Each structure stands twice: as structure tokens, then as C-alpha cells.
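Think of it as A, B and C in the order they're written, each chain with its own count starting at 1.
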């Protein structure tokens, strides 16, 4: 197990928590409903990416650790819900870690399927955010990332940076860490200072 | 035509009715909208399973009987709506039959694509319930199976039983009937006694 | 670049505008949310068709012109929103042009994958309308085409006509123009005279 792989499982774990919490908002979900939301949120982005790339088998098809990480997230939400407030900041950190990792992992996978730079950045962002979009659609909310905060934008900026540094011949692991860190930094700074993209609304 | 195949077409027919009825709830659908809901409900689960497994072509791509069964369900709903009350119990029976069949068929198909036991059970359940999830999302309702009744859980229990009996070397056809019957029994008993999974809600 | 290809890009451009306008209805979308809605509306139908047919790579995967057309639609919506009223009729015309093109293109692609006549017509219609269905689901509205106007029906009629004329040995390009024109005519006439399919509603 590489460090990157362990971080990825952490990302799945935290995305599963975010899905379980979203299901919980609707108040009427039973355990199955919560589990379903957790699964969709955690593996939905990667699944869609693999379908779009035509990559077989899907990542979770023969990696049970991903499945265990989702279940761990569901259990964690069920057991520790009441003491969540203390953890909330740590969770945002992990969620952002997941976001950064999934972006770069998705980008590299798209490249390995012959994607051009634009599509690679798009696929990286897509991998990272699409689970959340599916999650919000399932509970009939307008997806959060359409409206608030710098989220997908951080992925796009990080993806472009990765390609630039790659173009300058930077070592892949170093590039992974730098570009990922930039995604994390953009996200944390914009959350802290409540920065968001301009609204589009025209009337 | 085997007995199993005829039952499967019945399952498609009844799932199509359930989709048409869901569209009807929204009251404003025209015939096309109703037909769309019926198709998604009837073939959505199998379609997603085949996409996830990378199975080509999709089942309905060269089996027109499936398409005919969907149209029969739509017509049936349009023509016999007023006399439905008499039929409602029979419909629940067929819906449950479809649920049982689709679970085992989906499980076996996933196995034939090399799925491990866990993924096979998941895919079986997924085949059976995903049409209903898509149906409810299309009409902007929180999917029913997230909240009420033992539905997906019956599929999971039946799927696990199938794998256990298969592990003991039971004849496949016999196993199909036994495991399918257990799904049907769980579903009908829990509907009759109004049993559901514990709610998850934490505040 | 053929004439057909240029028309197709126009279709993508106009579908992207329709997606951006739908996102704008929700009022709270930022630029990213608008762009996401535009992309889903413009390339969602073709993407689903390609996934269903098992066609790789997806059309937009190595054709950047499609991506540019989407961005042009987003920018156009942002910049010219206030002067839209003058353009609205022209937009309906282009949207209908896109509808007609996508139907026949989708039908032909399905045929090239060995689809029977029924599935080919279905796939043609699906290519043309599915972007709009995804768009409406993303903003949590009941999809417009389930309720109002002759939209998908025009695609189905045009698709059937194409197959009939093809059966009579008509030249493909001529057939494309005739069948496409019929789709456009049906759509424009029914919009003008406010004709819609019969409602289904039973109580």
C-alpha cells in the first residue's frame, strides 16, 4: 500500500460520511437509504469517469478496500453523529484531501486513456465533484457546488497547474503533492474567508 | 422460451406499470412522459448493471420482447386504470416476483463477469431496485426504497442465501427457486405486517 | 467541415444556451453551475447514447469543437442575456434544428452498431431529448418534455419517416434533409398552434 492509496481510501471514507449526512438531512431515510447515499457519493464520481473513459473493470469492482472504506464511513456517521461537532473541521480537511487526490488521480487516468489536456482537467474535476452532484440530486436538492464556494474551481486550477508543471518536466510525485496542495490551499482559504465565484443570475 | 424468461417478461411488464403509475402521480404527464417513466423503471436497473459490468450489447438492445412487455405495461395502465383496485394485490405479487427474478439474474450475470461475492450480491440488488430509484428521481421524489419497507434488504438477504446454497453445491435451478422464494416471502411478510428497517435519523 | 457538421455544432451551441438559461432560472447558480448545466444539456444526450451503444471514445472526447461550441453558448448567454428577447424566435429555430440533426445522427449511429429499426428510432429520439431531461432533473424540475408540446414525438415521427424512405432506397443526404425538415415542421407548427399530446392523467 502506497501513501497515495491510503489517502485515497481516506477520501472515500470521508465522501461516504458526506453522503450519509446528506441522506440524514431528509430525516426519513432508513439505514439502507443512508448507505445508498454514502455509496453514490463516495464512488459515483470515479464510476462515471470510468464509464466515460470506457475503463473496465470499474475501480471498486475488484478492490474491496474501497467498499470497506464506504461502510466505515456509514458506521462512523451512525455511531459518532452526536460528537461530530468536534470533528467537523477535521472532516472538512479530509474532504478537501479527497477532493485533491481524486482530481489528480482522475486527470492521470484520463491521460492514460489518451485524453487531451482540456478533457484530462475536466475528467479530474469530474471525478472529484460528481459524487456530490449525484448525492444532491438523489435528495432532490440543487447541487451545492452549482451555487456556493470555490469547489470545482479549485480542482480545475489544480489540474491546470499539474499539466503545466508536468510540461516543465517536474517529477510526477512532487507534482502530485504540489498540485494537490494548491487545490487544498485554495479550498481552505476560500472556505475560511467565505469567498465564492460570482453569481451568474440575469433577470 | 424458458419458464424463467416468461417470468422475467412479467417482471418487466409490472415494473413498467409501476413507472406509469408514478408518472401519473404528477398528473401533468402526457402519454410520452408516462411511457418514458415506464421504460426507465422497467429497464433502468438492468441497463445500469450492464454498463457497470461492461456487458455489451445491453439486454434490451436485441430482445424486442422486453420492449413489447414495457408497451404492454403502459397500455394496461392506460386502459385498466379504473379497475386497478381489484388488481392491486396481484400487482404487488408480480412486482415482488420481478424483484426476486431480477436479483438472482443480476447476481448470476455479475458472477459471469468475474465479480466477487459481495459485488455479485450488490449487483443483484442493484438490478432489482435501481429502476425504482431512477423512477422516483425523475418525478422528483425521494426514492421510496430509502425510507420505507423492506425492499432492497430482501434482495440482499436472498442474494446471500443464493451464494451460500451455491457454495453447498445445490442445483442451480433449485437454488434459483428457493432463494427467489425467500425474497418474495420476506417482502410479502414485511408488507403484510408493516415491518420496516430502523430509521437512521440523528439530530 | 461538412454542412452537417457545422449544423451539429450550432445544435450544441443552442442546447448549451438552453442549459444555461435553465440554470439561471434557479437564480443562485454561479458561473460554474451554469457551465455545468450547459454541458449536461448539450452533450448529455449523445453521451448516454454512446454509453448505451458501447461506442468509444465518446464524441466529445476527441472533438474540441464540441467543447468550444458549449463554451460559446455559455458566454453568449452571459453577455447577451438582456437582448435575448429579440433573439428568442431565432433560438427556437436553432434548437429545433439541433433536435432534428441529433435525431437522425443518433439513429444512423445506432444503425451502424447493428440496432434494429425500433431501437434505432428510440436512440435517435433519445440523443435529441435526453440532454433536456438531464437538465431538468439537475434543477429539480419535472422534465418539460414529459408534459408539454410535441417534442420527442416529432423526433419519433421523423425517425420512422427516415427508415421508411431509406427502405425505398432514397439517397441518404436527401433523406436526411427531408426527414429532418419534417421534424422541424412538426415542431414549429405545434409550437405555433399550441398543440400538445393528450394528457394521460387518470384518477
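Throughout what follows, a residue touches a chain if its C-beta (ideal position, glycine included) is under 8 Å from a C-beta of that chain, and two chains touch if they have at least 3 such contacts.
Values in this document were obtained by computation on a predicted structure and should not be read as measured data.
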Chain-level touch network, classified as line, ring, star, complete or other: complete
Copies chain B and chain C - rotation angle from C-alpha fit, nearest 5 degrees: 120
Separation of chain A from chain C, taking each centre as the mean of its C-alpha atoms, in whole Å: 30
Chain C: positions in contact with at least two other chains: 51, 137, 140
Contacting residues of chain B [partner chain A, same complex]: 51-54, 113-116, 118-119, 133, 137, 140-143, 145-148, 152-153, 196-202
Chain B residues within the chain C interface of the complex: 20, 23-24, 26-34, 36-37, 47, 51, 56-58, 60-62, 64, 67, 77-78, 81-82, 137-140
